[in-house]
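Below you'll find the structures, each written out as structure tokens.
Below are two complexes that have subunit A in common, paired first with subunit B and then with subunit C.
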Partner chain A sequence: MKIEKLIEKIEGEASLDFSFEAGVVSDVRIRFGLYRGIEQILEKKAPRDALVITPRVCGICNHAHLMAAVKAIESGYRASGIDVTLSPKADAIREFTLACELIQNHVKWLYMTVIPHFESLTGKRSQENHALKASYISTTITKALAIFAGQWPHSSYAVPGGVTCDPTYVDVMQATALVEEAIRFFEQMMVGMPLEAYLGIDSVSQLHSIQGDVGRLMQRLGEAGMAEKGHSHDRFIVFGEGMGFVSGKATATTVSSVDVRYVEESNQEDSTAKAVSYKQKQFETGPLARAIIAKNPLIKSLHKRYKDSLLTRVFARTHEVGLLLHRAKEALVHLDVTQPSCMLESKLLSTDFEGVGTVEAARGSLIHRSVVKSGRIAHYDIIVPTQWNLSHGNASEKGVAVRAMIGSASIEEASFIFRSFDVCSVCTMQ
Partner chain B sequence: MEALKPRLLWLQSITCNGNTHSFLNHPDLFSILSHFELVYHPVLESSCMLHEVLARKAPCDILILEGAFSEQGMVKEGVEILDVALYYANVAEHIVTAGTCATFGGIFKGYDPDAISGFAFDEERQTARFERFSPKLISLPGCPIHPKWLSYVLMMIVQGRSIPLDAMCRPQELYNITVHTGCSRNEYFEWKVDTKGFGLKEGCLFYELGCQGPYTRGSCNKILWNDTSSKTVVGTPCFGCTEPTFPKAVLFETKTHMGIPASMPLGVPRRAYLTATGVAKSFKIKRFEERIITYED
Partner chain C sequence: MGIDKHDSVKSLFTAQSAKVNTNRGDAYYEKLYAQCRARLDELKALAPLNNRMDFKESIEEEGLDRRDFMKWASATTAMLMLPASFTPLVAEAAVLMNRVPVIWIELQDCAGNTEALIRSDGPKIDEIILDIISLEFNETLMAAAGHQAEKQLEDAVEHFKGKYLLFVEGSVPMGMDGYYGTIGANGETFIDHLTRLAKDAAAVVAVGSCATFGGIPAAAPNPTDAKGVMDVVKGKPIINIPACPANPSNMVGVILHYVLTGGIPELDSLLRPKFAFGYRIHDNCERRAHFDAGEFVEEWGDEGAKNNFCLYKVGCKGPMTFNNCSIVRYNEGVNWPVGVGRGCIGCSEPDFWDKYAYERPMANANIKAPTGGVEKSVDEFGLGLLTAAGVGIAIHAAASAVAGKKSEEN
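This part shows the complex of A and B:
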């Protein structure tokens, strides 16, 4: 039996074709809509125009695209012998603004995707306006971002060698106050305890002490058996660094290094999205992958007990909000505004280069590759996190989300598992 | 009894979702939305499902369009989105094109310039749809849209106020000033003092770094972004994202003719600009050569 379902409100839409055997999902084909051709649009453009064009890949993770684009140019500059060094200030500001984008994403996903859809799945709809909470924290934390980046979405303030802004301590104080407001929200609404105490939790045995919306959600997910659902390959990959993240891949309990040269893209039948694999193997990317590879004690402990279940995956993302809020606040404490913002000249410094930029976006590793010839982009390649998580897989193994959905008893349950990956349709249709 | 609220339908075509997320950052989002019945929205809960919208079963008083349009091929559930947009455009009392893609074609037009355009405009040119729908059209270009520009226009519609528009149906109150208006670097523009590079609060970005603020329509420096800042304030050039020509090429460099910016400030004759520049440049003003703040080591 085959059933087609349109999944909407996932940064665009995707069509899922479910196959059922013996009453459970046996396979899923995921189809995305129109290809928008950003990579082609970039061809023949000036190399730095990518800093303006690529954020427009995605309305919710635009800042990560900016960071990947600037890192691709900087990597290309380095390859052509130019010294690219960022001041600690510029580095910290970039890290800060990217952390803010991840926070807004995760909180929106929690309140606008996970909680409402879980309520629908279990038939216990509340009358609460969850989206109001999402909008409140998103507005607060992107305001902190905009103090440095000018605006969100679609800033282009990261340029080769640093950032365009030149903040004062008054700006830093304003940003600090906003981060503290976001921390207050996290403490009082999301976890019901001080951030410091929350970050001290290092084992699944203390998980019950978490209250607030996250605590309630975890309890209900557990009651609904979500610790036994949504398992996939239990294989993780991270390419970006910074914000406390480290690159690497994890298979079972072994963590080892990664090299972007082994990332392979391939076309998929009946989908505009390209599949991506590492040495022909499927890997999950995103907050759970980041926590496993960075050896976060609490997530490791949760993973040890429940593996890569839906419950582990969901908690890893909400947990990252706490980690990032802490990092964001620290980044501002140590910011020395007297250091230079940008260490390179404002003109294009190399007309022929190849560069790769990797960054951890909200949904996982984002890779930009830029090939520049005679001062123009000859080829541009963007690999987005959703490609890792939502490909169909290959002859030997199913894709990550597909495998997680197999065995579901209903389309509703499978769709909820699908959404737990925090799908970004627009990125995938770049 | 509560008066019937205008029914708001937000329809997406070829887009990045940037206008959707920009609007979600409105600090008074739910107060604004309380004046409407939300029939469909790309991420917020709404009274209709997408398949009902595509089946033309949704009611619609105000149609918000996000994203560029393709004559064919932009299909959801087997339905051409342009056809769906035309259906609701006929039904609606007001059509708001939210963002530069929906208004002029924007970034995504670049992939297939002959087939992709805005709803009523193809860059500066009117499409066949303009004549049909211009009496109820409001253009709100910007990549992305500024959340407050959209909310103010929606509230003016609710209150039945007339909205003075320009020839491209843009509200004059928002687009008859330039991005340059209110820029924190204005003194440097007045005295023609160039910035010495990225990452400095001193100096104007118009002469070398590609800033299009003086000839780009929009109130980015009057109604600030995220209630706090703007591109030019943080030293990023304005890229002209509200204009029908967005995106131009080589965005981080100013195109010049014999050392003079090729594009003049909006409405300023070249001769007037050169005269004023000549006068301003003949003075060397110490304050504009120095750093604004000196920090002790």
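This part shows the complex of A and C:
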């Protein structure tokens, strides 16, 4: 058995130690070498400080952290008998801004991680400037986000009971124009067909009609045998709701409900990242999990044929861009700006509570737990999506990404599979 | 209000570091102009680094016309606090940004400043950033991985010895001998990595509040003993661009200034460029009129919020925060926190996370004014009295008196 080391530059850095047996990868140790101690910093602070501090865990999915933090407080208030009801407007604005964050992430991952990495894996480099494409659409969609949230990254515009912004129809029109611009990019560059027609595709047999960068990538992934690689446990979990996502877990073809109480975190040897499991089992989280549990016809059909292969996983994420663009536009159409923005008296505070906020971040389910005693945070727990996908696993089974990489013929191939999970190390090693 | 309170409020609103001299007389600007001219001619003679795209070609490819570009150039000239006559020089400097190598490293960070940078503003300025600035190394932006990336960094350092601008994102963990943060195959600690790369840099630019003052990682109890770059790097010119995230306009501004003059911009006592941090959020706030009129948001979603009233009483830290957000705004100028009724959290001030954190209204918090002095509760400070009607106007009166004096001087 030989061991080779690889340093991955993702959002931050991860170190991978590959073990080889009989010429293929037999095990992988994933290590993160950074620690900031955000959970520790939150202790003894005022509960609402989490709204300012937690987004700063991550420069890519900061908005998801804000949403999880505000939901944790709201759930804690509710548990201690305070009525927290959001107006449909506040709810829709929160979902809209979160959808924008997911879109910018997925597109950047496609153009700045997957395509360049796949090109170097296959040795077929194109002369196109993929980074520019990524920056064009992510700039556009985060502008739409900033109309409601003030800035991206690191906004704190969501507060218990709603949002602080009070948009006018002019703001909504501006945001709509930006979403439409992003849709045009999706249609022309990514899939080469109108969004409506694209969303009408519901079976793997029509997959070939997709053109553009996504169509080309799918074709080449297929040719490179990526529909037969990257298989893992084929078990999925989703905790967040909204934007068309539903919570639940899927094993084989059975979808059942989940309870956040069964989520367990544990320390891992020689890594600053904690492992996480559900009833001692490993689950994959992220766009593929969301599509399977929400029973998206096209992804279900693709999954039926190729299971949880790299190809299925990559396509599920690009497909989510189309779904979210559509939902983002719909959310603006139905937005009634005359409704209240925030419906909770700011003076109404609960001094002791335990709250849990779950949200679907770009990379999967994000969970915040806040325990407040005598008006101060006594304990704060942040469980990020990458922990689900990248943990080493336990005695009985390997972690999700580790299992997907086992059997790879080379480090390069394994590293490509690793990146198909859209890894974020800055979140993982808070 | 006692004398002491009066004086402390006055000193807060009239801090010397808050003064930025935007008119230094013709002789000064003529000399500077000549200096910039010579510098640009010198750069022009150099070949673009790393086969970067030619700026003129790339704006033409994008179908942008020169008018858009000049509009951006004149806005940037104003931002840098230079007279309008410098606009052609700034435009030229933008084109020459491909002559100055930039190395960008990430330490104890969240990659948020890189994210902000790639959605910088201007006429498709993302083109400028990604194609024109000679960004020799950036982990998040570059496709290279592993040993290949490390080699690229070593090559860049060697090749541009003494010439590159080192941009640092993230704080430096000093606890546990620096082992809270390591980088590369050999597990080099962040502090060693930074010291080594800073040694051969022309100047070090600390980007974001983590790199400048330690940021969120340095919040109490500062578990990793996180420090800002200026606390650990000695003997190099350091420019701090705090805020969380730092405003990309200010990052581009610093690079442009370096291209233009070959030097670093004028800095305040916290090493922040005065062109960006020479005035407070409050000075140019779009809601300022409501502060002056004593019209405040009392709680989220109330009538005041619907009417865009002043956010001071719900904890806005604009009056004590030096930054140009109220003018430059974020995300290509689309909006900024005060624009969505959230108020300023003071993210560009040292220790904002402990002293200014949003959900601790100023009236209850121990704060130290940016001007220094002893840490006091706001009641002792005098600002707590703002909750009493009419005191806002008293403060404003003090500020106006000073403003009047300032304009007489000019």
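Just so we're on the same page, the second predicted complex is superposed on the first by the 419 of 430 C-alpha atoms of A that agree within 3 Å, B and C clash if a C-alpha of one lies under 4 Å from a C-alpha of the other, contacts with A are read in each partner's own complex, and residues count from 1 in each chain.
Everything below uses one rule, namely that contacts are C-beta pairs under 8 Å (C-beta built on N, C-alpha and C of every residue); 3 or more make two chains touch, one makes a residue touch a chain.
Since the structure is predicted, the reported quantities are computational estimates derived from the model, not experimental observations.
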item	value
Combined model on subunit A where subunit B meets subunit C, clash or fit	clash
Subunit B versus subunit C as contact partner of A:M189, first or second or both or neither	neither
First, second, both or neither for A:E13, with subunit B first and subunit C second	both
Which of subunit B and subunit C A:A224 touches, first, second, both or neither	neither
First, second, both or neither for A:C58, with subunit B first and subunit C second	both
Which of subunit B and subunit C A:T168 touches, first, second, both or neither	first
Touching partner for A:V371 - first (subunit B), second (subunit C), both, neither	neither
Which of subunit B and subunit C A:T338 touches, first, second, both or neither	first
Of the stretches 8-16, 62-70 or 368-376 belonging to subunit C, the one that collides with subunit B	8-16
Intersection of subunit A interface sets (partners subunit B, subunit C)	6, 8-9, 11-13, 15, 33-34, 36-38, 40-41, 45-46, 48-49, 51-53, 56-60, 62, 112, 116, 129, 131-132, 135, 138-139, 142-143, 145-157, 159, 161-166, 174, 340-342, 345-347, 426
For the subunit A and subunit B complex, residues of the former touching the latter	6, 8-9, 11-13, 15, 33-34, 36-38, 40-41, 45-46, 48-49, 51-53, 56-60, 62, 90, 108, 112, 116, 129, 131-132, 134-135, 138-139, 142-143, 145-157, 159, 161-166, 168, 174, 337-338, 340-342, 345-348, 426
Contact set on subunit C toward subunit A in their complex	106, 108-116, 118-119, 126-127, 130-131, 139-147, 149-150, 173, 180-185, 187, 215-217, 219-224, 226, 244-245, 299-301, 305-306, 308, 314, 330-332, 334-342, 345, 347, 353, 357-360
Touch list for subunit B against partner subunit A, complex	12, 14-22, 24-27, 29-30, 42-45, 49-51, 70, 73-77, 107-108, 110-112, 143-144, 197-201, 208-209, 220, 225-236, 239, 241, 247, 249-253, 293, 295, 297
Footprint of subunit C on subunit A - complex, ascending	5-9, 11-13, 15, 33-38, 40-41, 44-49, 51-53, 56-60, 62, 112-113, 116-117, 120, 129, 131-132, 135-136, 138-139, 142-143, 145-157, 159, 161-166, 174, 340-347, 415, 426
